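Note that the chains are named A, B, C and D in the order they appear, and that numbering of residues resets to 1 at the start of each chain.
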Amino acid sequence: MFYRAGLDIGSSLAKAVILKDDEIMAYGIAPISGNFSRAADQVMQETLEKSGLRLEQLDIIGGTGLGASFIPYRFVKNTEVSCQSRGVHYLLPTARIVIEIGYQASRVIKITENGKVADCVVNDRCAAGSGRILQVISKVLQVPLTELGNMSLKSTNPVRFTTGCSVFAETEAISRIAEGAKVEDIIAGLHQAISLKISGMLEKIKLDGECAITGGGGKDAGLVKMLEKTLQKEMLLPAEPLISGAIGAVLMATEKTQEFEAAAKQEE
Amino acid sequence: MEEKKAKKRTSAKTLQTAREAGYFGKKMLANTRTAVEEGRPVAWSMVDWWLGVPICKAMGVEMVFPENWSAFCAASRTAEPNLEYSEMDGFPNTLCGYARNTLGYARKLKDNNYVIPPDSPGGGLPKPNFLLGCGAVCDARYKWFQAMGRYMDVPVWMLEFPQVGYKEYYLPGNKEKTIKFLVDELKAFVAFLENLLNKKLDMNKLSELVQIMFQTNKIAHEVDLLRKAVPSPMVSQDFWAVMTAHFYLADDLEAQAFYQRVYDEVKHRVDNKIGAIPNEKYRMLFAELPPWHTLGFFDEMAEKHGIAFVFESWNYHVPSPLTAEERHGISDPLELLARFSYHKFHEMAPVAREHDIDPIIFVAPYLNYVKEYRGDGLMGHPLLSCRPATYTLMHVRNLLMEKFKVPSVIVEGDIIDLRVFNEEEAYTKMDAFIETMDYHRELRKKAGLDW
Amino acid sequence: MSEKKGLARAAEIYAKSEQYARELKNQGKKIAGYYCCYVPLEMLAAVDYVPVRILGDMNENITSADTYLPTVMCFFYRSCLDLAMKGKYDYLDAFFGAHSCDGAERVSYVWRSYLKYACNFNIDIPHTVHPPAIEYFKNQLEAMKETIEEKTGQKISDERLAAAITLYNKQRGLVRELYALRKADPPPISGTEVLQVLVAIMYMPPEEGNALLAEILEEVKNRPVTAQKKPRLLITGCLIDNISFTKLIEDSGFNVVMDDTAIGSRSFGHDVAVTGDPLGSLAERYLDKIVCPRTFRETGKNRAEDLENRFGYLRKFVEDWKADGVYLNIIRNCDPHGYEIPELKYYFEEMVNVPVLAIEQDYSTASLEPLRTRFQAFAENIE
Amino acid sequence: MIFAGLDIGSTITKIVIRDENEILAALINPTGAQHRQLAHKITEAALKKANLTIDQIDYLIVTGYGRVNVPFADRQMSEITCHMRGINWLFPNVRTIIDIGGQDSKGIKVVNGKMRNFIMNDKCAAGTGRFLEVIADSLGLKIEEIGEIALRSTHPADISKICTVFAEQEVLLRLSEGVPLEDILYGLHLSMAKRIHALVGKIGIEKDVVVTGGGALNNGLFKCLEERIGFPLHRPAKPLLTGALGASILAQEYVKKAQAEGSLPDKKERKLRAVTFFDGDSAETEVAKGSG
């Protein structure tokens, strides 16, 4: 029996997954709430509990994400792009393009038939086009995150946003409401703005082959629909879009460990 | 400003000769200051691919290159105050970083009654007698100098530099007419100089300089050819150091002797299969202008992933020497200069024609290099403040992939402004890119491409 | 399209320019797309191409162009290429690029690397106006002529060229007449209307364009003036090709009365001399007479002289059209205009004595609204 | 005669009512989602405080981000002109104004009481009041206190991210690393001051410099700006009010000018009406509690 765990300590959520051999045994998701190491520990304990294992039984722990360095155990660190590509490949082997929409950054990754990175575009200076605005707007409009999708699907006339900034979008949404715009049109408008930003990123690597959505944005049905409409393409969706990074972290860590062992053997 | 730890060059085997290179930049600057003291004329010049500079030299003018000096400012991280000055005067911060650096400096110089301010990087540039712009490749090359009129009150000359697409290049008669135009323009320039400096151009002197220049460039070209070797005997980090000697001082015998030593050292390495980096696993090309302030990045890449940067921006490289056929019967040094510079820009026309793509410059060279230098990938460095060296990067990236299955990694940055080069991000991208290169190597193999 | 007349027709063609061009094509006309004001339209008209000015679209998000161009370049040409890649210019039979600025040059090369047309030529435009440069430019036009002749099988005879020159001189004259009407206070025609007219005629066969212009002149002269007196504005700098922009400016408290831009007086400012050497006259007019920062002019002995040499014509615009303020329009990442901002500001403010507003904008209607405050403040400051 | 200036900012709404000589009432209130509704309420409250009725106002100018929708105002003017006028009235020697508002930051160059040049940042939240608000919010702190906390720092932390969202995360990372809160906050203020300095630097910073807008209330930011710019700066006692003050002065000038020309300026019908925007409006704001 071979137990492995992966942790993806993102900017807003901590995700953990445990694999038994090659099967997912359990996974967990916990908010960061300002404390990376606590969130990491919490999500790990939760997942261990679900799987009925103890920390010591894990052979390998892989970590990734913005807050990876706060993981309070011995682990193998990996870059996020590679983890996403491995993780999505594990979940959806036919996907060749991954659109990841996280809290602060969005990425578009092209992957090979064995889950390696063939190309990637990262939005890493300006958070325009990231998922943060969804979280903020859900708070402002008092619509639960999980309801955004349904609301958006009802819209017939999405609001066109004049700002790209994900911070000002909030202010703009509020004044649009004041001007009488419908809540669903605002949400759909935000979905549209994100979709356009993503489609701009996709232009840089060309959209061919099957395309998967992952990260928090994948949880939002309205956003997924809007992306499909903007890109004129059907999207693959993992059953749980949040954990692909964590799965990738396990797989990458395993690869690295094996490489390391092989190298060690050679030296002997 | 974040102070990055200066990385010790531990594993990369820097060329011995590269360590001497700093001398030449300093020499150039010092020469101009001495000239001013001795009452000799000085000019600030744009890089013009050896078109007008030898003429100025033959007229006894000492030359400095604001582009070169600005790269120095960037490397020594002293550009920021100048950038601020230029912004204060209303220049948009999207303009060329080199330009903003010297515009800011020029303002300081003016405010200081044209006495070089004591804290100027590299000892500073003295006030010139004229400014020499050039129309090649980049609008900034003349708009910048024209804008310098604000501070300098000296005449600006603009050298013409025709650049055509490959279809137009092959139109009958086009080349010779263009050469004639270049020569006519050079004559007008000579007249301008003679008038300004009140003396005649000594054609023999010019011929002599042109010969030296051709010889230096020939050596530089041979060094480039040596770099095709596997493992790479010399990496970009070294090239950027030694390049000053041929690029800016091609007419200088001391620089020529230096380049000969560079050649000898590189040759020795090739003959003995000595690689410039210890464990060459990947060979990469670099386009276009480097992050002068963070060159340590490349050493880090060499150490971490075994990446050798084997060749770089076409524009710093000399073209192959003019053929005997092309030189045949030509004794007018102006025409030789015209032909040589024109050759630099259109040498790769056959490659552009082969692939039916344009422009010749900025694009075709990479299609050639990637094969010749067996590149596994290209690192594209789009610059926030230099469009000419950025316009075509996406195009190059598409073409390398389409024609040769060679992937590119795009890392945004700037020549001057270190705020926009995010090292951490660059490292992450390179980490992921390793996989991408592995994958495409296999694709190339399958497609029957031989590297 | 409907049978509207005068300004209404211009407004309609402006609004549906693509559809209009496609209708021309369906009628069997050959359409030639061209860049900027440096392509001699006379040579295109001489083989019965309908010259169509390549424009961008401030309403369209730039997406497809990102595959081919970096984001740091001029937003206008990025938008143009974006439209082309999305198929909006697929009706072109010929394509003429020009090295007016670096952005234009590189984009036309990238453009033709991916989109191929039956006839294609890129003009390399020298940067000076020295006699050899004009000669070189004439050689370029010669090469362009040969390329067109080869691809179309038609000869561009001196007679046909002369006829085309007459036609376009007529057009330029009519536009200047229209501009002259704007000297009245308040102007009888708004900046927005003028822009619609100019874009419309840039899509029409020249004879038809001239007929429409004549119609419009009559209309404008004879209609009651409804505009209010407001501060009078001269626009200089990068081109404006969308009326949302002029509307925004005029709504913020200005009458736009004059311009120095590429879709404006730069394209219509000077005639081609009628001589026995039509190519020579064309070279002269297009290279030397058009005043655009992309062309280097000798800097002269001292700065004041240099400035007067370079910008003197703008002083005349301010005086003749009685402008109260100048708007310096900069499309982000434009080098030729960007380097001149400080000089131009200095020239207007210190030497001509008229206030200047300089804005770097993103060439997108979505980002126009925030500019309103700036125009308003500028207008309030002039009152 | 009575004049009023109403400044409907992106974040805060302000009003000043004056007669020819002195300020009769001044109020400050959060803008919230409903500009127009608040406009009439705050006006009502201010009138009450000044013991006046709406038709006693001779001229009312509205300015600010939400200026377009106030039916009872006589005229709209841009906040640039209004801030400039207000500051110029308080500080006749001012040459450079730095206005740090919720939605934008501005630099205004003043020569002889006229605007000579100005520059604005309104595309990106970094460098505007929003930046600090977002950070304060994510730290669970009040916008009023972060400046003071920052001033306690001895070793400012380096915040490298410019984007508000990325900076927000960077702050959390630094906190998790154990960097003290005050050092992080100081770093943030410094980075914001740098951005504002760079922005205003583009039009040239000349003495006297006056900082205004809500950002001027932040002592940490003010000190960082002074440090960056290198000489002492000024700020009005009530920086939030300068836009509304300027508007009221402009109203007065406008009427005086019209009178001198023998005409009376157009006046709108003075009727304060509540405009409702959407049902179930819970964010009813209490008017007239701020002071500034």
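Observations
The rule is short, and it goes like this: contacts are C-beta pairs under 8 Å (C-beta built on N, C-alpha and C of every residue); 3 or more make two chains touch, one makes a residue touch a chain.
Here the structure is a predicted model, which means the values were calculated and not measured.
Between B-D and C-D, more contacting C-beta pairs join the chains of C-D. Most remote chain with respect to subunit A, judged by CA-atom centres, is C. We define each chain's centre as the mean of its Cα atoms; on that basis subunit B and subunit D are separated by 49 Å. Mean C-alpha position of subunit A lies 38 Å from that of subunit D.
Residue positions of subunit C touching 2 or more other chains, listed in rising order: 66-67, 367, 370. Touching of two or more other chains is recorded for residues 89-90, 394 of subunit B.
Touching of two or more other chains is recorded for residues 124-125, 204 of subunit A.
Because contacts link each chain to all the remaining chains, their graph is best described as complete.
On the subunit A side of its complex with subunit C, the touching residues are 160-162, 196, 199-201, 203-204, 206.
Subunit B contributes residues 89-92, 94-96, 99, 133, 135, 137-140, 142-144, 146-147, 149-150, 153, 155-156, 158, 160, 162-165, 167-168, 171, 174, 177-178, 181, 184-185, 188, 356-359, 362-363, 382-385, 387-388, 390-395, 398-399 to its touches with subunit C in the complex. Within the complex, the subunit C residues that touch subunit B are 66-70, 72-74, 99, 101-103, 105-107, 109-110, 112-113, 120-122, 124, 126-128, 130, 132-133, 135-136, 139, 143, 146-147, 293-294, 296, 298-303, 306, 330, 332-333, 335-336, 338-343, 345-346, 358, 360. Subunit D makes touch with subunit A in their complex at residues 10, 33-36, 66, 69, 102-103, 123-125, 130-131, 134, 138-139, 162-166, 168-169, 172-173, 175-176, 277-278. Interface residues of subunit B facing subunit D in the complex, by the touch rule stated above, are 2, 84, 87-90, 93.
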